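First subunit A sits with subunit B, and in the next complex the same chain sits with subunit C.
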Partner chain A sequence: MKPPLNSKTAAQRIATYAIVLLFVVIFVSPFLFMLMASFKPNQQIFSDLSSIRAFLPVGSISLQNYRDVIGSSGIGRFALNSAFITIVTVCAGLFVNSLAAFALARLEWRGKGMVLGLIVVLLIIPLEAIAVPMMLMVAYLPTLGFEGGLSIQWSWLDTRLVQIVPFVANAFSIFFFYQAFSDIPRDFDEAAYVDGATPFQVYRHVIVPLSGTTFATVAIIQGLAAWNQYLWPVIVVPSEGARPLMVGLQQFFRFQTEWGEVMAYATLATLPVFLAFIFFQRWFVQSVMGSGVKG
Partner chain B sequence: MPSQVELCDVQKGFGERQIIKGVNLLIQPSEFIVLVGPSGCGKSTLLRMIAGLESVDTGEIRFDGAPVNDRRPAERNVGMVFQSYALYPHMTVEENVAFALKIARVDAAERRQRVDEVLDVLQLSALRNSRPSQLSGGQRQRVAIGRSIVRKPAVFLFDEPLSNLDTALRVQMRLEISRLHHRLRNTVVYVTHDQVEAMTLADRIVVLEAGTVQQIGPPLELYERPANKFVAGFLGTPQMGFLAAEAVGHGADGLSVRICASGVTLPFRGQGSRQGNVTIGIRPEDCTLCAPEQGHLAGEVLQVERLGSDTFAFVEGGGEAPVAVRVGADRDVPAGSRVGVTFDPARCHLFDDSGVTLPPHTA
Partner chain C sequence: MRPQWANRGALAFLFGTPAMLGLIGFLVVPFLMAIGLTLTNQKLLSPQDTRIVGLSNYERLLGLTMIRQDSVLGVNGDTGFERVRDVTRRTPRLHGYKPLGQAEFGSTRLVLLARDPIFIQSLLNTILFAVMVVPLQCSLALALALLVNAGLPGQRLFRTVYFSPVVMSMVVVAVIWAFLFNRDLGLINQFLSWATFGKFQPVDWLGNPATAMPAIVIMSAWQGAGLQMLIFLAGLQAIPKELYDAARIDGATAFQRFLHVTLPGLSRTIAFVIIITTIAAFGLFTQVDVMTQGGPANATSTVMFYAIERGVRGQDIAYGSTITVVYFVLIATLALLQQRFFARRAGS
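Coming up: the complex of A and B.
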């Protein structure tokens, strides 16, 4: 006799929920610990470590850690730097990468296949492998300086520019746009060309409006990468002026034994990403599932 | 102003594969030309070459005598309706129709006026704020037509525009396209694989097969005097029946042709003397059913199609394929019964070994 179908389904469902719950606990508990610790004094953090209290808002709870971090760490300036770098990188990246993908996916030109192949190859080269040669390059690039009148300076080091320009053109973004644009029926382009449109008008009036989700996805992925940048600014931004938030956190952590403040700093650094996730959750999940890329 | 379109020995290939093998065609201003042929014959490629969406390998395309090979689609003053309609899903009906005018920077007042005119002609005014996804197939088709006529192009190009519609809507849209052509009098090049569309819409039909023109002419001329076996078989539903035969001599009644399957010999008047294999072609409406022993051909009824107005019996008589015979709508012909098929040789078509009509009609 076969077992009842619905009981088997119920057992499967319970098992599925149990596994999902386990993963939720594994992924959420560090964030919960960080958040709760950010409201607690140093001693209590250590005394709570051996119990469930570490994840609960119990004991001596206050915003003192946040007051101390905001008052003394320069977090405001670093956050502004990170926001500026992220916004400019994302805006410029969306434009540049989508245009490149449009040329690859929708226009016919000699050498297109080779360029696409090179872009795919670039996908597998990590920043760590090219960071030093890149640093040597940017160290000798010219830029306009405004201190003491307009002048040309021969180094991009220690600027916001050096944290933006190398990351605007992004192989992954181009490839992501390329795949999305390739799926749009060519009849749309051809109808527009017959109607008198130029390639840029086809891009502007047809392709871009039909790719809203793709643009949002790329914005999220490139924005997260820009916000979380750490290795590159550590190499090229030695002083505080153009320092981004993540490097600021590391510096703060280096000279700090007040773990409550460290956790408060980390919470503040995570907050914009968390809010962005809540706001763009649908696209974010789509992007991670669609691209197979770690979030 | 409608344009004259001329194709002079136009050729096109993709890689090793030659798609268009030297097409010559002169389309007069205001003429409605239908390119028809089986899938893969190159008719859509030819249309796209006229539009400028495909380059021409060799040969020349001329509009009003001027070569346009190097002109971009927009510079040819053509309007095109795609098989998929290609309506922009993010735009409303009004925005879709106005798109070409917006690109051409026509000022807002004139743009509005011209769009209103087109929407009015196509009875789309009530749907101006709808998006394509909210429209039926016929409405989408009308928007696609509206988008192509709003620029007042000299030449309209239609690429199988009705193939996605159901039968009833297809008949309705066919009438609308015909009415629109009579009203606007533009030059039209229309691609279809549907011979009914071709027969009902065209001033002249161009039958293509494997990238070559088989015959050009008015619909009835092609139907009644096909240049070859391909054209004869392509036009007409059900298809013309073909019987393998042999020319056996020439007498006072004309060429004597013996049907291989039945051994019956028929006289074909007006044919010259010849010997060897030929094919007899006979339309369903030119055949009659009779007793098996009285027919030029005898065989079993394989299938009976009752269409209401007509009934067609398909008789397996030893030919290349069953021979279709039109019988009265109310006549009962049981499938599986043995019948004879008789026909008037004067209504038959005779093809030589290579499929060319005897005597050949000029293309």
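Coming up: the complex of A and C.
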């Protein structure tokens, strides 16, 4: 990463810095505008627009927009739905995909090459290509319902389940785990087996502890996809009960003219990702670089 | 000696089953269903039974034809052309076709007809989007990567800032930019007006068929470039430093070093980035759904937007599936072509 500093003149460096900062402004200002507008009454958002004030916390600043949004828009329920969907998808996904990758990378069995080949082929099918028929499929899948006693309902539409189950198993995650596990020296497993460990113990006590970064990476990629999911819930969750946050925001945006409240909603929807990004940004960056170079 | 546990096929099967069930149930099965459904007239809810209809969905979707008309003498004595609708009604072969475009050459005119003009337009819109966004986003990403890699103090902070829109939801980004693009109050018009001392006439970015797609292109490139920037950064760091030193000793300017060291060193990365950006561009949906709902006048309707519009909102599962199958064939072909093209370039 060491740059060729020595050849640069001071003027060149200042020019480069100016361009870098210009891009910083371009990338930050929309978010800054969102955040600042979320604290301002509607009238002031309009009057601030023609000046730098649009990006500054000036004038009448309050949390009124947040109070109004939280009080009336159903955002609390949508946020809980999204949190639940994200957490369950990530936890189940980490376990299921890493276990499959363990079988592929560390156990010997017939047909392994074929399964691996299938997973690589599946990498190229995007959700977009199968979303419509999958909607038909989930409309007829059975699930347990609790309305009027325990019963079986024949549809996954309008559930949280339908936003979780299809995304737990993930070809990319398996492949990513597979590559990481394959890089771990075989000697570790052999030693454990000699000591009488079972394969699951090898997975649990040898492979998993050695793969912290890989788990973090996959958790971030799958978690981000689950939290930001939009296309799929638009298709299969038409009503409010199981609606996730991003669909909630889109609906709110469409039928709301109070800019300040929309911005407060958008800020709240972004906050968890933003905080996670600040705290775990090293892994965020690594996740992309790792997946990009290898994938 | 192989440990005995490591040979247990049954155990491997057990470990792999949950993941394989998920992949088969929610990827392979829907994919096969997609192909099968395109040959039927399946609706989501319909009193009629589902029938096999052969390839008629594809005909409905892709049907294109051209007719030639000679001008005729009108009632008032002026010359004109017969209405296209009358021609298609009269000719059995042209039933269900609607005009898509036309060109006049003196006393003849050519009329392009499509069974589903909105799909053809959506397809063209999607291609237009890809043609605009891929070069813009990839070159922006490369520029950002070079800036971050230039060795200035604080480069990690800049990297984080440029990358930040990538982790944000596209819905959030689209909502913010819908305000920025607003005609009367949007910051973009305000800024352009200020920068040109008021000479700039406010543009209704998202409400004008000519500017709606370019506006979505700009926003999409802004949102996504950070991802490709990181991939370029990884590629840049893989180029041996000695090559730059050697070039410098040979007296190469910064631009020559970029042209003869950086670009060739990045060729594989560039190919990869172009492929993933193109494929992502063909899936354009969220921005359109949030900002314009395909309008104005279908100017931002895309293949995926139209698939959801017909397949889900219109409940015509078979037709929606046909659109997504065409979409898949399109991106798979693109990926193959690009890979071959770049493999040959890299090999020569």
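As a working rule, the second predicted complex is superposed on the first by the 271 of 295 C-alpha atoms of A that agree within 3 Å, B and C clash if a C-alpha of one lies under 4 Å from a C-alpha of the other, contacts with A are read in each partner's own complex, and residues count from 1 in each chain.
Here is the rule we go by: a contact is a pair of C-beta atoms (placed from the backbone, for glycine too) under 8 Å apart; a residue touches a chain by one contact, two chains touch by 3 or more.
Computed from a predicted model, the values in this text were never measured in an experiment.
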Message: In the overlaid three-chain picture, which partner chain does A:P209 touch, first (subunit B) or second (subunit C), both, or neither?
response: first
- line: Comparing subunit B and subunit C in the superposed model, the one touching more of subunit A is C
Task: Would you sort A:L224 into first (subunit B), second (subunit C), both or neither based on which partner it touches?
output: second
Query: Between subunit B (first) and subunit C (second), which does A:Q43 come into contact with in this model arrangement: first, second, both, or neither?
result: neither
Field: subunit B versus subunit C as contact partner of A:V24, first or second or both or neither
entry: second
Message: Per the contact definition in the header, classify A:Y193: touching subunit B only (first), subunit C only (second), both, or neither.
response: both
Message: On the A-aligned overlay, A:S182 touches which partner chain: subunit B = first, subunit C = second, or both, or neither?
response: neither
Task: Considering only the touch criterion stated at the top, classify A:S60 as touching first (subunit B), second (subunit C), both, or neither.
output: neither
Task: Kindly list the residues of subunit A that each of subunit B and subunit C touches, one partner per complex.
output: 190, 193-194, 197
Subunit C contact footprint on subunit A (complex, rising order): 1-5, 7, 13, 16-17, 19-20, 23-24, 26-31, 33-34, 37, 46, 49-50, 54, 96-97, 99-100, 102-104, 106-110, 112, 115, 118-119, 122, 124-126, 128-137, 139, 165-169, 171, 174, 189-190, 193-194, 197-199, 202-203, 224, 227-228, 230-231, 234-235, 246-247, 249-250, 253, 259, 262-263, 266, 269-270, 273-274, 277, 281, 284-285, 288-289, 292-293
For the subunit A and subunit B complex, residues of the former touching the latter: 185, 187-188, 190-197, 201, 205-206, 209-210
Query: Quick one: in the complex, what on subunit C touches subunit A?
result: 2-3, 5-9, 11-13, 15-16, 18-23, 25-31, 33-34, 37, 42, 44, 144, 147, 149-152, 158-173, 175-180, 185-187, 190, 194, 222, 226-227, 230-231, 233-235, 237, 241, 244, 248, 254, 272, 279, 283, 285-286, 289-290, 304, 307-308, 311-312, 317, 320-321, 323-325, 327-328, 331-332, 335
- request: Would you mind writing out the residues of subunit B in touch with subunit A in their complex?
  value: 51-53, 72-74, 78-80, 82-84, 86, 88-90, 99-100, 103-104, 147-148, 151
